[in-house]
Amino acid sequence: MPLDVDARVIANRRLSADYNVVAFEAPAIARAARPGQFVMIKTSRGLDPLLRRPFSIFEVLRDETGAPSGISIFNKRIGAGTSLLAQVEPGERLQVLGPLGRPFEPVDPPADAWMIAGGVGLAPFLTLAEALAVRRTRTTLFYGARRAGELYCVDLFDALGVRVVLATEDGSRGVPGRITAPLEAALGERPLGEPVKLFVCGPTPMMRACAGLARVHGRACDVSLEQVMGCGLGGCYSCVVPARRDEGHPHHTRTCIEGPVFDAQRIVWDAMQPH
Amino acid sequence: MDLSVTIGSLTLANPLIAASGCFGYGVEYGDVVDLASLGAVAVKGLFLTEREGHAPPRIVETPSGMLNAIGLQGIGVHRFIAQQLPALRARRATVIVNICGTTLEEYVEVARILSDADGVGALELNISCPNIKEGGITFGCSLPGTHAVVSAVRKVTRLPVIPKLTPNVTDVASFARAAEESGADAISLVNTFLAMAIDVHTRRPRLTNIVGGLSGPAIRPIAVRMVYECRRVVKIPIIGMGGIATAEDALEFMIAGANAVQVGTMNFVDPFIWPKLMDGLHAYMAAHGIVRLQDIVGTVDTTARQNSWISS
Amino acid sequence: MDLSVTIGSLTLANPLIAASGCFGYGVEYGDVVDLASLGAVAVKGLFLTEREGHAPPRIVETPSGMLNAIGLQGIGVHRFIAQQLPALRARRATVIVNICGTTLEEYVEVARILSDADGVGALELNISCPNIKEGGITFGCSLPGTHAVVSAVRKVTRLPVIPKLTPNVTDVASFARAAEESGADAISLVNTFLAMAIDVHTRRPRLTNIVGGLSGPAIRPIAVRMVYECRRVVKIPIIGMGGIATAEDALEFMIAGANAVQVGTMNFVDPFIWPKLMDGLHAYMAAHGIVRLQDIVGTVDTTARQNSWISS
Amino acid sequence: MPLDVDARVIANRRLSADYNVVAFEAPAIARAARPGQFVMIKTSRGLDPLLRRPFSIFEVLRDETGAPSGISIFNKRIGAGTSLLAQVEPGERLQVLGPLGRPFEPVDPPADAWMIAGGVGLAPFLTLAEALAVRRTRTTLFYGARRAGELYCVDLFDALGVRVVLATEDGSRGVPGRITAPLEAALGERPLGEPVKLFVCGPTPMMRACAGLARVHGRACDVSLEQVMGCGLGGCYSCVVPARRDEGHPHHTRTCIEGPVFDAQRIVWDAMQPH
């Protein structure tokens, strides 16, 4: 059951002109959160911007005793709502509704977990990495961005023992080019007897490419989709994607309640709107 | 305190109704809202058969409002009766079914099927959806069309019949009168305003469907005016809506002339809005010594406020 | 870069016009805005004689919008010509005079008087003010009324004649066509939406005039849709407006079909908006390699976005 | 010429549940401000609340060198905009437009200045008191409120050497009853040969009563009117009051540019809308 919290902003860590991490005091949401779930945040106190904006839960924050005390989000400025979130000051309060949506299903050893993140698609993976670390699942993060300056928070993954593979389109850090290249290489090298599950979040073309690689290589693959969401609770039918139910005919399926995490093979990628 | 309101044969415990298309089939909100505490739940518009609706993007936010062009995606009346209605009954929800048709016959058929089902409280006739080409609004934008649908459905059901009017007309009151004369038990208004948003960089409409319907607080003052106009020409109950965000907004509609209200877009913004609205109604009644909430309906005082002191 | 736009015999340096009633007589803004930098200034609606307008409160804020019922307070056409027009000329403003009448004869008389004055660039016919009982909107809400006023004014002036249309009709495009057929050089749209707000504690309308006109960003998506509809049926220039707050909003209207735009309510919120809008237009033209801004007018691409993959 | 400043909030001093003082960094406005002028503040970054709200300039703030560095406003929470201003946190930025409107005309000795404030009507008098102190004009503040807890910032007037007369309707501080009673008594006691000018700001009935007293006693009287304002610059005609021009026929006159300060005898009080 989701909760709505009038959450106090604890910190706003500016990572760059476009990215920041906002931490909220929200113990109840923090306790209930599972990896890959999201919250809907009201970015203003007035009626404009009107609708809440969906954000993956980036971190579960803990107090001195280790008890969950809040959450943070990894915010990329693209429009009015994310710009307001870029500017918040500690002490302000915003409505945070969550946790929402179908979480990732982590895997246990001997399976490995490979997380593939493009840009702001990094957001759902820190909580997943924590859950995988608890299970002692060997985890790799494939993380791509346009340039070195747009790769953030890699140290947080290092600290969890995650192996990190980076790629930048301009070659300024890690493998030059798209992150799907090192992923494809790794898939090719891995013996079929060694199980691995892919977890993907990023731009639609990237997720589509990963879904294709997973299919070709016969690997399980979860994708976390980012559709425009009006309500986050199944009320408005705005967030639909073309998805098959049980191998059957595809339907417009609500991302907010049947996702955001889907088995990649359920999605009719040809019919997905590019973002 | 008495918050009840009667619409034909149906009595609602209070005037707060979840608006059609903004509350799924009600069951989606079972965890968040006590469905039995609402006056009623108006479920998403239903055709005879399943529909996939329009391709996304289906919504776009606008200042204090939103456009939608969902295209009436829905599971069809049969699956609704089989799968959703029992769950709604189990939660003791009062159910208003919003019905759609591409032809007169489809409206009649859907109405007939729902009249035989257990647990349907009333039928809201969606003759005002701006997002589908066939049927619907072509009835709602002409007086003869409105008359035809309402009287045809009237003949096949004993359930309260509530045509939902479009605001996209010059004189909404004439449609209210046509609905009343055709045997409607009540009217709902407003549906959304036909509107458009364009991405200036791609020069394409922001909605795949090109145009969509504007809802939310942005439209409230226009909707209140329309309720006020309709109240002056019809005697049947009016269910008012358009951008209600607070108990005061709901009361504003009631004072303008609405017997009950629906809340759509703001339920997206705050799914926990319902107890807040209810508390607000109670607080208002207590503060103003009102024992029967229906007593405020249509009581807006439009007597001149001051003598004109200046030639104008 | 060419931002100019031609309306009948008048050429504006750029498409940004201060909306009538939202910029006083222009001279009030002389300290804040370089009037010569605007495409034009549309001054407050003028009758033949002075009017005091309605008793306050005259405005009330609503979500992302406002209602007004000023009641066309104004100094009358003679004092305008004597007192304000010389000051506007001194500041090299291009002046559009918004004219009103309670009768057909008054429109004609006001138009005739202004046609003889020096420094008037065009006449905008306010046949759409929702706030006054007599005249005005009674012409603007009927096709024969629109035809009568426009053709009568057309006969007595060589100035560009720009009827301003009301959005409170079912089919605004038919009014656009009527205006064009009656000899209008351009049309302006939209005027405000008839609306209402009630104080729930006193149960009185918030405006002394009971109803008022809704303007501001709240209405923008409806106004854009109306411009789009009109563009498809008329060839004459369209001056679009309704809630423009940014250069992108202005461009949205142009891409929908407007040749020029007016900015009203947002000038209240930010009187320094004008250079920001201008800079935004330049930046857009530079980014998209547009040399003549008029080339984007009506270019919204409404071709289907994808093949329908799913039965609907 | 008014300026529009994207002003940083320096402090938000909460005086009570309903009142607070917000200080803004705005040197250019501070330098130009004259007593009784106002600013128009955009209370949100989005489009709701849409319109700016008018506020008297309460204090002109100065830096260590004594140079004007900012202004403050005395905010009473009544609706959406003033509630947002009650909640601002230091570091936030708001658009502040000003200075606007016709200022008070202070008087010089031997004339005395009597300022009569009701509730939030205190706001324009601190800058006036400063201007009067500079001129060494003997100044009295008559300040009324419902109860002792609603009398604020009296010490700031004390510090300027202003004589303060207080009244509360519930008698919890100062003279019991309305502030017009001590004012009337003082007017009655003052010999006609000793000039005095009244400056009034408060609820309309109070201003009306003061205007009546001033007329009866033959004293000059400025009132500062608070009408609903859409623009503050003469553009919208929302803020009109019925005022005579040169003893002539009354007209709907714009408060924002011909006021907010008017000679009390110009106003047709019978036709004023009560607030």
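For reference, chains read A, B, C and D in written order, and residue numbers begin at 1 within each chain.
One rule holds for everything that comes next: contacts are C-beta pairs under 8 Å (C-beta built on N, C-alpha and C of every residue); 3 or more make two chains touch, one makes a residue touch a chain.
Bear in mind the structure is a predicted one, so any value in this text is a computation, not a measurement.
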Study note, to complete from the structure: subunit A and subunit B share contacts with C, D
**Study point:** Which of A-C and C-D has more C-beta contact pairs
**Key:** C-D
Check your understanding: Taking each chain's centre as the mean position of its Cα atoms, how many Å separate subunit A from subunit D?
Key -> 53
Exercise for review: Could you tell me the distance, in whole angstrom, between the mean C-alpha positions of subunit C and subunit D?
Suggested key: 36
**Study point:** subunit A and subunit C: spacing of chain centres that average the CA atoms, whole Å
**Key:** 46
Exercise for review: Mind checking the centre-to-centre distance between subunit B and subunit C? Centres are C-alpha means, answer in whole Å.
Suggested key: 32
Review point. Which residues does subunit C have that touch at least 2 chains other than itself?
Key: 52-53, 55, 63-65, 208, 216-217, 245, 305-306, 309-310
Study note, to complete from the structure: Multi-partner residues in subunit D (2 or more other chains touched) are 47-49, 251-252, 271, 273
Point to revise | Category of the chain touch graph - line, ring, star, complete, other | key: complete
**Study point:** Touching residues on subunit A, where the partner in the complex is subunit D
**Key:** 44-50, 80, 84, 87, 89-92
Study note, to complete from the structure: Interface with subunit B, subunit C side, in the complex: residues 51-55, 62-65, 67, 71, 141, 168-170, 193-198, 200-205, 208, 210-211, 214, 216-222, 224-225, 228, 243, 245, 248, 251-252, 255-256, 284, 288, 296, 299-302, 305-306, 308-312
Exercise for review: Going by the contact rule at the top, pick out the subunit D residues touching subunit C in the complex.
Suggested key: 1-2, 4, 42, 47-52, 95, 97, 227-228, 230-231, 233-241, 251-252, 257, 271, 273
Point to revise | Parts of subunit A lying in touch with subunit C, wherever the complex brings them together | key: 47-48, 242, 250-252, 268, 270-271, 273
Point to revise | Of subunit C, residues touching subunit D in the complex | key: 21-24, 28-29, 31-32, 44, 52-53, 55-61, 63-66, 68, 70, 73, 208, 216-217, 245, 265, 267-272
